[in-house]
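Two complexes, one shared chain (chain A), two partners (chain B, chain C).
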Partner chain A sequence: MIITEEIKISDNGFVFNSKTGDSFNLNPVGFELIKMIEAGKEFEEIRDSFLQKYDVDDLAFEKDFYEFCAMLKHHQITLQGDPLDFV
Partner chain B sequence: MEKLKYEKPVISKITAGVPNKFGLPTKQKIITDIDGIAVPELIENYGSPAFVFSEKTIRKTYNDAKRAFETRYPKVQFAWSYKTNYLNAVCSIFHDEGSWAEVVSGFEFEKALLNGVSGSNILFNGPDKSEKDLEMAIDNNACIHIDHFDELYLLIETTRKLNKKARVAIRVNMDTGIYPMWDRFGFNYENGEAWNAINRIMLAQDLDLIGLHTHIGTYIMTASAYGVAAVKLSNLMVAISRKFNHWIKYIDMGGGFASKNTLKGAYMPGSETCPSFDEYAEAISNSIISSEIPHEHLPVLFLETGRALIDDAGYLLTSVLANKRSTTGRRTIVIDAGVNMLFTTFWYNLGVFPSKEVSSHAEETTIYGPLCMNIDVIREAINFPQVNVGDQLVIERVGAYNVTQWMQFITYRPNIVLIDLDGKTHIIRKSDTMETFNNSELNPKR
Partner chain C sequence: MNRQKIILAVTGLNNTDNPGPGVPVIRSIKESKDFDVRVIGLVYENLEPGIYMEGLCDRIFQIPYPSAGSEELTERIEFIHQQEKIDVLIPNFDAELFSFMKNEGRLADKGIKMFLPTLKQFQEREKDKLPAYGKKYGVKVPDSMNLGTINQIADMEKKFNYPVMVKGQFYDAYPAYNEEQAKQAFRKVSAKWGLPVIVQEFVAGTEVNVVALGDGKGNTIAAVPMRKQYITDKGKAWGGITLADDKMMELTLSLIHKTQWKGGLELELIKTNSGEYYLVEINPRIPAWVYLAVGAGQNIPEALVKLALGHDVQPMTSYKIGKMFVRYSYDMIVDLERFAAISMNKEI
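And then the complex of A and B:
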């Protein structure tokens, strides 16, 4: 998953999309997550890091991760892939 | 190393435009318990969903209303509106506080009798009274509130047949300056229909006209409309005395007082905008006391308010079944209570609250019920915190109409629980079972 180049993320969790003009707020966990995605880390690595740091189980985190990613895609923050490409 | 507290990751779009009319968001209200009993304990014992009624709130609300009227008017009598909530346990509390019964069908009439209400303390309203119902009312010396001329003539016929007298009032509809004007029940004041009905009753040997009744509408947010109605009924009362030298005994102002629920489309919450009992009492009492009715003939003032007396005492406990995102990215949650048991959700934005501390992040959310029907929407848009599957929520102010207008659909209706004054819980209506249905069904042999 790739964050588009029009996206700017400030250190206090503010996100601006210069392509659409939309801006967003992140909560601290969301901020941490988007920074890891921006750094090109894969799901497994992100999950392991979160499980080690936070009081959360793997399935709950997985559910939240994919919901968060769906929202990034919905807001055109990540590159829009082929809708038939499920992987 | 101790792990950090996890919170669901959230990204929310910043929407510029109209500022929030209430300023900065306030802290999320949480309902952890009802009358001191924790929500998880109630759900563990009685299931989810479950209706819970607070006897303490019922009695307090009733006494607030009673005080508001009795400090302004010498003769006040409440009559509990059965159709608002006819659970026997709830009715019994109102009767214990001194309420008569106000019923609108033979079924409710029988229920009131079984609840120990004397027939003469039953006000019988409504447009559907069969001959059998009228016979029951006459035999029990109830106050029959006549709704239309066909009923009046049926009543005359029935009294002749039984050779008994009936105590009657007429329901009067009128323009009180509110919209919509209810003119489908009773006889109209302005066009003289009510006066014609009164004249016909006074000529009938076996009808004793003892009252005048009105019910100007529902969820009336203008107390002064009741003042107008009371003036018109007082005028009729004086006119009856002048023509027939007969003083009627009571004026029944019906119900329709607003509860603190918020109507859909309302700009401000109902808790801020609804008149208090004092405001209704002031408008009604002033109108009657300052009318031409002499002091010695002041009528008893009957009130049949239902919604405003019971809505606050009822809660629905429910649990989260799922979190979802719609195609527009909107957050939705599915709960285990549907519109089939929350009839009032069609016109109120019901208050839905978590039962435990939640994330400070709130997001505009749609709350769906579990019915697998598109109409099953509990809240179309509510600023709601993140919740997880299994989290327990509390829907407040659901005491009026929901447990009388509910319908069974695809699953069993839930338990209804009462918390008494000592903080003890009692099931006052059991959840349906398969037997509930199978006992009533017949399957013809083929």
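And then the complex of A and C:
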């Protein structure tokens, strides 16, 4: 999953899409997630890091993660690749 | 560096909730490092806020509405020119452009320079001719129909599904979701702007705009795309942000190249969810939000003045992305004498 080049992410969690003019506020967890995605980390690596750091189980994390990713795609923050490739 | 002294006349000082571009145009040129400008404000109404803004205009003259006839308007400009040797005049209203274009040569002979589109460029982009325009220049435009009578709404219903946009020739646009609303909008628009009334297919999406300047030889001297972030009930931008949108820029450059556009312009576009762009309107002048372009690095009014004076102007190709403008309203306290002067003497 690639964050498009038009996306600017501020250190306070403010995300700006310079192509559409849309902006979003991320909470600290969302910010942490998007930074890891931006860094090109794979799902497994992100999951392991979150399971270690937060009180969350594997299934709940996976569900929330994919929900977050779907939202990123919907708002054109990440590139829409193969529609069958969910992440 | 020596700045060139110029006398600039500007219309559109109506900074109301439906603002004219005059005040931001003056503000932009006052920031120029190349011009030392004396500003002559030309107003139609005695309550245009620009009349009362401190430090904006050096003199104010009231001018007759274009509906009084272009001869009367031109004579008034010539009278003002006898007192203030106007170097450049920037008209900022769609409705007055025709009169100024018609008399461009006559005013130029007197030494008043303008940088306006040609009559052909002006007329072929009129709202009632937009479908043909889109076809000619390869731009997607919403389908539309020109209505001469209210009874034609029935014909329109055979062609379009609701909602539709009901538009005046120069200004005003209302969405109509049923026959009753279409009739209401028709009456409102035709009473104010005459006939035909234009009914345009409704295109769902995000409203985006471009302010640009063409040199009349096919070159785009400046172009800045923007998305309205806050829209008033009159459809005017009260806040906006500059965008990085290559497709919008390509469309603008191509249109200016193909039409050899001369002067300032604003493209009003709808970006659909599938990423297509529909041109819904071309305003043949600088828009009221032009100061955003200046803030983003492209002083379009200054470049327009340079072109009018015959200077060589190189295209501006970069601007800051993510620059915003936010409008505000502000109460000025005005002495009655000033209001009396413009009301009685038609000048200050």
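To be clear about the criterion, the second predicted complex is superposed on the first by the 83 of 87 C-alpha atoms of A that agree within 3 Å, B and C clash if a C-alpha of one lies under 4 Å from a C-alpha of the other, contacts with A are read in each partner's own complex, and residues count from 1 in each chain.
Throughout what follows, contacts are C-beta pairs under 8 Å (C-beta built on N, C-alpha and C of every residue); 3 or more make two chains touch, one makes a residue touch a chain.
This one's a predicted model, so the numbers in the text were calculated from it and none came from an experiment.
Peer 1: Both complexes share chain A, so when I overlay them there, do chain B and chain C fit or clash?
Peer 2: Because the two structures are overlaid on the shared chain, the partners are seen to fit without clashing.
Peer 1: Should A:K8 be classified as contacting the first partner (chain B), the second (chain C), both, or neither?
Peer 2: Only chain C; A:K8 stays clear of chain B.
Peer 1: May I ask you to decide whether A:G21 touches chain B, chain C, both, or neither, giving the answer as first, second, both or neither?
Peer 2: The answer is second: A:G21 touches chain C but not chain B.
Peer 1: Thinking of the overlay built on chain A, is A:V29 touched by chain B (first), by chain C (second), by both, or by neither?
Peer 2: First partner only, chain B.
Peer 1: Between the centres of chain B and chain C, viewed from chain A's Cα centre, what angle do you get? Round it to the nearest 10 degrees, please.
Peer 2: 80
Peer 1: Looking only at contacts as defined up top, I'd like to know whether chain B or chain C touches more of chain A.
Peer 2: B
Peer 1: Closest Cα approach between chain B and chain C after superposing, in Å?
Peer 2: Nearest C-alpha pair, chain B versus chain C: 5 Å apart.
Peer 1: Sort out for me which residues of chain B touch chain A in the complex.
Peer 2: Going by the criterion above, the answer is residues 3-14, 323, 325, 329, 359, 361, 388.
Peer 1: Per the contact definition, I'd like the list of chain A residues that touch chain B in the complex.
Peer 2: Touching chain B: residues 15, 22-30, 32-34, 50, 52-56, 60-61, 64-65, 67-68, 70-72, 74-75, 77 of chain A.
Peer 1: Can you list the chain C residues touching chain A in their complex?
Peer 2: It is residues 206, 208, 226-227, 229, 241, 243-245, 271, 321-322 of chain C that touch chain A.
Peer 1: Spell out the part of chain A that touches chain C in their complex, as residue ranges.
Peer 2: Going by the criterion above, the answer is residues 6, 8, 16, 18-21.
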